[in-house]
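Two complexes follow with chain A in common, the first pairing it with chain B and the second with chain C.
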Partner chain A sequence: MRESTVMFLHYITAILIAITGLIHLLANNDPAIGPLIKSNTALYLGNMAIFLAALLYHAFNGVRVILIEMVPDRCWTKWIGWAILIVGVVTYAVGLQVLMVALGLA
Partner chain B sequence: MEAESGYREYYARNMRGISGWFKVRAYTIERWLYAAHRITGILIVLFILAHFYSTGWHPGLWWDALLGVVVTFHVANGIRLILAELGLAIGKPLLIKKPSQRPVSIEGVQRYLVVFALVLFIVLAAIWAYYALVVQSMMG
Partner chain C sequence: MASEEAKDYVLPPEVLEETVRASEELWKPVKKVKFRIYKYNPKKDYAPHWEEHELEVSKGMTVLDALLTIKGEMDPTLGVRYSCRMGLCGSCAMMINGKQMLACQTRVLEAAGDGDVVELRPLDNFPVERDLAADFTHFFEKHKSVKPWIIRSDEVELNNPTGPYKQTVDEYARYYQFTDCIKCGACLSACPTAATDYEYLGPQALAQAYRYMVDTRDDGLDVRIAVVDTEHGCWRCHFAASCSDVCPRGVDPAQGIQLLKRLIIKRKFGYKPHKPAEALPAKVKAESKSGG
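Right, the complex of A and B next:
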C-alpha cells in the first residue's frame, strides 16, 4: 500500500475513533445515556468492533511512523511494517474475543 | 547515485533522534503542538496497552482527569491537523510578497485554527474532568 493511502486511512480512523470513542466513554461514564446505549448489545458490540479496529490501526501506525523515522532504512521500514501489521491483527482477534465475553455473547 | 546521496543526507539530518522532537525554539507554535501531539500519542498508546492487558483498567480519580488532558489535547490538535491536511477552514493560499515573509500559520487565516484547537482542548478537558471527578464519584 502506498504511504499516502496509509496516512489517509490514519486520518479516517482518527475521525472514526472520535465518534465511536465518544460512544464508548458515554456508555461507561454517563449515568443517563450509558444504560440506554448498553441496552442494545449487538449495536454496542458493533460500535466496539469498529472502535477497536480504528484504534489499533491508528495507534500501531503512529508507532510505526515514529519507528521508521528513528530508523530511516528501506529494509527496516519494510520489516517494521509487517511486524506491526501482524501484532495488530493478533491484538484485534484477541480483543474481539475479550469484548464478546465481556458483553456476554461468547 | 543521485538518490543514494539524497538518502544519506536525509539519514544524517535525522541523526538527532528523539531529542530532535524538542528542538522547538525559534519556531512557530505549531512546532510545540507537534512535540506535544507526539508525546500525548505515546502516552495514549501506553494507556491503551494497560487498558487492554487488564481489561478496562484506568488510573483512577485525579489521574483520570490527567488522562483526560492528554487525550483531549490529542483529539483537539488532531482535528486541527485533519482540517489543515484537507485544506478546510484555513483560507486561500497566501501570495508570497517578500522573501522574509512569515509562515502562513502566522499571517494567514490558518492562525485562527490554532486558537480554535486550544479552546476546543480546554473545553473538552473540562468536560472530561467533570465526568472523572464529579459524575464518577456520584456513580460510586
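Right, the complex of A and C next:
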C-alpha cells in the first residue's frame, strides 16, 4: 500500500474517532439520548466496533511512524509495518471479543 | 561627447567623501571576538576538538571573511568550503552560534550579538568532511532521486526542439519560489525528522520534487510520486517548519512539502495539475520575433 493511502486513512480515522467517540460518550453519559443508543444493540456495537478499529489504526500507525523514524534502516521499515499490522489485528480481535462479552452477546 | 557623458558619472566631492568615510567606518576594527572552531578530520583524528582564535573584527566583516583571515594568518589547515562569497552558491552553510547560516552572508557582529564569542561547527545532520566542511554526498543523492529536471514523453520534440514550451506568467508563479534554492543544506540540517531518520528525503529534495511536478512543461508527475510517496518520503514531515525558518533564500520548503502532500492525495482521485505544455508553434515564434 502506498504511504499516502496509509496516511490518508490516518487522517480519516482521526475524524472517525471524534464522531464515534462522541456517540460513545453520549451513550454513557447523556440521560436523554444515552438509553436510546444503548437500547439499540446493533447501533451501539457497530459504533464501538468502528471506534475501536479507528482508534487502533490511528494509534498503531502513530507507533509505526515513530519506529520508522527511530530505526531508519530500509530493511527494517517493511518488517515494522507487518509487525504493527499483526499486533493491531490481534488487539482488535481481542477488543471485539471483550465488547461482545460485555454486551452479553458472547 | 564622450567626456560630456563621463562627466555625468563623476560623483560630487561631498558624496565621494561620504562614501569613503562610510567605507572606512565599515572596515574599522571595533571589537575583539573569540572564534571557537570545530576541528575534525575523520580520516586522521580519533575525535573532534575545538580550537580558539581571537580577531579584531569590523562592522562589515562576515564570518567567512574572519575564517579566511584565520586560515591565512593563524591556521592554514582549517577546512572550510566556499565559492561565490555572495550567498549564491550555497557552499558556506554552517552552524554559527548554533544556527544554520551562510558564513558569507552573516556579519560577525550580528552573530556575536552582545557577546564576544562566535562558535562555528559543520552543519548538523551531515557527516563531517573536514572541520567546517560537511559531506554533501547523501544530500545530493536525495536531490537527484526526485529527478530534478523536466521529464517529457515527447522525446522527439525534447531532443530536437521546434520551439520553447509555452508557459504563462501565472503558471511560472506556481513554482518560482522553489527555483531559488541554492542547495546549501541548511534546511536538512535543521529538520528534526532528518536528525533521526537519515533515509528521510528531506525538505530540499521534497520541495524540488514539488517544483517540477507543478511545472507545466513537465510530464513526470507519477514518476516522482513513486519516489516521494514512500515510508521515508514526504509523509514523514511533521510540519515543524524549522527548515523554512533557516532557509537563507526564503524558499519555504515546508510549504512545498504540504502542497506536495495535497497534490498526491488529489492525484489519488484522478487530478492532474496540468496538461504538459506544448511547444510554441513556429508561426507564433516568427510573429513574436517580428514584434507582431
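One rule holds for everything that comes next: the second predicted complex is superposed on the first by the 106 of 106 C-alpha atoms of A that agree within 3 Å, B and C clash if a C-alpha of one lies under 4 Å from a C-alpha of the other, contacts with A are read in each partner's own complex, and residues count from 1 in each chain.
Here is the rule we use: contacts are C-beta pairs under 8 Å (C-beta built on N, C-alpha and C of every residue); 3 or more make two chains touch, one makes a residue touch a chain.
Keep in mind it's a predicted model, so treat the numbers as computed, not measured.
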Which of chain B and chain C A:30 touches, first, second, both or neither: first
Touched partner set for A:2, first chain B, second chain C, both or neither: second
Chain C versus chain B, contacts on chain A by residue: B
Which of chain B and chain C A:69 touches, first, second, both or neither: both
Partner chain(s) touched by A:39 [first = chain B, second = chain C, both, neither]: neither
First (chain B), second (chain C), both or neither touched by A:55: first
Which superposed partner A:14 touches (first chain B, second chain C, both, neither): first
Which superposed partner A:77 touches (first chain B, second chain C, both, neither): second
Residues on chain A lying within both footprints (that of chain B and that of chain C): 69-70, 72-73
Chain C-touching residues of chain A, taken from the complex the two chains share: 2-8, 65, 68-70, 72-74, 77, 81
Residues of chain B that touch chain A when the two form their complex: 7, 10-11, 14, 17-18, 38, 41-42, 44-45, 48, 52, 55-56, 75, 78-79, 81-82, 85-86, 131, 135-136, 138-139
Residue ranges of chain A in contact with chain B within the complex: 11, 14-15, 18, 25, 29-31, 55, 59, 62-63, 66, 69-70, 72-73, 91, 95, 98, 102
Complex contacts: residues of chain C adjacent to chain A: 193, 196-200, 229-233, 235-236, 261, 264-265, 268
